[in-house]
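I am attaching a structure below and will ask some questions about it afterwards.
Order of writing sets the labels: A, B and C. Residues in every chain begin at 1.
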Amino acid sequence: MICPGDRNDFIRPSSTRVLEVRALTKRYSWRTVLSRIDLSVDAGECVAILGPNGAGKTTLLRLLVGLVRPTSGSIEWFGRPAGDFGAAVRSQLGVVMHRIMLDPELTVAENLRYYARLYGVPDATERIQALGEELGLTDRLGDRVRSLSRGLQQRVALARALLHRPRVLLLDEPDTGLDRAARICLVELLERFCSSGGTVLMTTHASELAGQLAERAIYLERGRIVWSVCGRDEVDFHLRTQPRLMTV
Amino acid sequence: MATVTSAVRRPAKAAWLSVLATLSVLSFALSVVLIFLYAPRDVQQGEVQRLFYLHLPTAWLAYLSFFIIFVSSILYLLRGQARWDRLARSAAELGFIFTTLVLLTGSIWGRPIWGTWWTWDARLTTTLILWFIYLGYFLLRAYVADPERGARYAAVLGIVGFVDIPIIHMSVRWWRTMHPEPIVVRSEGPAMPPEMFTTVAIALIAFVILYAFLLAVKYWIETTRDEVMEIRGALEQHG
Amino acid sequence: MSAWSQFIAIVKRDLLLEWRARELVIGMLVMALLTLLIFNFAFDLSGAQRAASGSGALWVAIVFTTLLGLGRAVALERQEGAWEGLLLSPVERPVIFIGKLVSMLFFVSAVELVALAVLAVLFALPVLRPGVLVVVGLGTLGLCTLGTLFAAMTASVRSRDVLLPALVFPLAVPVVIGAVRATTLELNGFTADAAPWKSLLGGFAVLFFALGALTFGSVAEE
């Protein structure tokens, strides 16, 4: 569903279409988790995917990054053929999910170096240093991930996701388990990412994060899009009036 | 709504199925006559040898089933169409039954002749391993929650399993020849008189027709089952 | 971002992790040694036929140990989502397969060295012949190719610890038969007779290495 009253066509040409989702459906046997989801995202947009628990937000994200195969429908990244999740696509996506995807027994630096090699990051050492500074991890680079707090681990996960300079950041409930300070940090980081041309897709069931960042919001319930709005004011209004959304 | 009407539709091959069923009955009737009245009594083994006419065709079908699974699995992984998975599922069920029959007829046949219920004859042993591969195939499908995932995994197992079967057979045969047995087990005997050959050929044809019939029916059942699943999904969504 | 550097990164990380945590190899080693011990009490591993029973015991130990190791390795990797992190990266699936295979080969080889030493010392078997080592290498390779493929398949399936052996044992029969026969022959000094078995093991390893690499993509994702 393209945003009604879409200003995107005026401001950004469609050649910056980053993601095109059509009639995406995921079924497990008879149980439908997602039903005919349509979504178009252009470069530089910051989209919040909202909904109560069990709405299908996480499944949607997992489908978008290629961890789960759809039952029907299509996902097109960067104008490539539908269902193409090859190296070219994956190298432009940065993903932060609920599980940190790091080895607790390895140090922060070791984890990041491993991912840098997987993603073929040319200037790994400098990049890790720079990200460490940006995320306030410099003095913890040599510590095992196991010894970090949840908030710090989340930051390392973010560093991992940003290592290869992705065009798109996908985050699944990035604010869970974070205290106020950490959340502010996260918001700032995402704002910086968006303003430098990156695209953000973020699921959350708390309205605060969405309210601070999102120019677009989509509300899912029981696998279907209930509403989809553009523009900060619209988003704010819907967030305030939508029941079942947490205000943290 | 299209799915509802298609599930209620009679099998598209209804006429075909009737023909197959009739042919099957006829050819089986002919086989029974041949087996008991036409084929000669075996000098060494006696009447028990007639189990051979059951044993050989079921063995062929057990392996044919796996071949069908192999081809369907490749097509499923390449094309992703549900029909190939359905065909694999159907062939697997039939194949498992026939493999069990091979083991049973082999055992029953062997008891009076070799004095034991089992011998580690190369072909029988390979069939026993095939039986376990079939079992693994069903366990895999049963334990994987998502049917699409289960179909994909089963397809990989089908391909790997089929490629492995000749290697298994070869290794078991070498294993046996390194340890020659006192009784050399031969299914057919030193030479097959033409009456025996005709009988086993007719029996084989009868079984293949029966197999085609059963496979078609089973495939139809699986198609219907998938459609019921779709309908249930649609209802759940709108409910 | 070459496949080679990705492969090296995967193997290095697996080895480094194991070096830090030492979760896998210790468990595998205990399993292997206990199996040999039990075999000693179950069969006569000191008599004249000890080459045959010794190689049988060795290979049973290797099979069980490998499957145990694979099962635990895939489970550990999925705990914090490291596996998903790997899948999300641009690494081609065959490269992941080869990387995981090689890592597991390192671990199993380490355990096998100890097991062979035990066989040599406790049961006076001449395991340090090159022929024996070649057979052990080929058999392990064949076993691990099958095991890596099916371990990844069954990693997030219920009853994985039952399902993995149920799938791998029947398929691994040629490896077991060939490896036990060849090891026995080599231990008794009949190297020429062991040659066809070694070809079988080698062919098996190559064939299922190729099949595993080709089909790993279908198995890796959910």
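We take it that a residue touches a chain if its C-beta (ideal position, glycine included) is under 8 Å from a C-beta of that chain, and two chains touch if they have at least 3 such contacts.
Since this is a predicted model, take the numbers as computed values, not measurements.
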item: Comparison of B-C and A-B by number of C-beta pairs in contact, larger one; value: B-C
item: Chain centroid nearest the full-protein CA centroid; value: C
item: Chain centre separation (chain A, chain C; CA means) in Å; value: 39
item: Whole-Å gap separating chain B and chain C, where each centre is the average of the chain's CA atoms; value: 32
item: CA centroid of chain A to CA centroid of chain B, Å; value: 49
item: In chain B, residues with contacts to at least two other chains; value: 145-146
item: Junction residues of chain C - those touching two or more other chains; value: 222
item: Set of chain A residues in contact with two or more other chains; value: 69
item: Complex contacts: residues of chain A adjacent to chain B; value: 27-32, 35, 69, 71, 223
item: Complex interface listing, chain B residues touching chain A; value: 145-148, 229, 232-233, 236-237
item: Contact set on chain A toward chain C in their complex; value: 62, 65-69, 86-88, 90-91, 93, 95, 97, 99-106, 110, 114-115, 117-120, 160
item: Chain A-touching residues of chain C, taken from the complex the two chains share; value: 1-2, 5-6, 8-10, 12-13, 16-17, 20-21, 80-82, 84-92, 221-222
item: Residue numbers on chain B that touch chain C, as the complex places them; value: 77, 129, 132-133, 135-136, 139-140, 143-146, 149, 152-153, 155-157, 159-161, 163-164, 167-168, 170-172, 174-175, 178
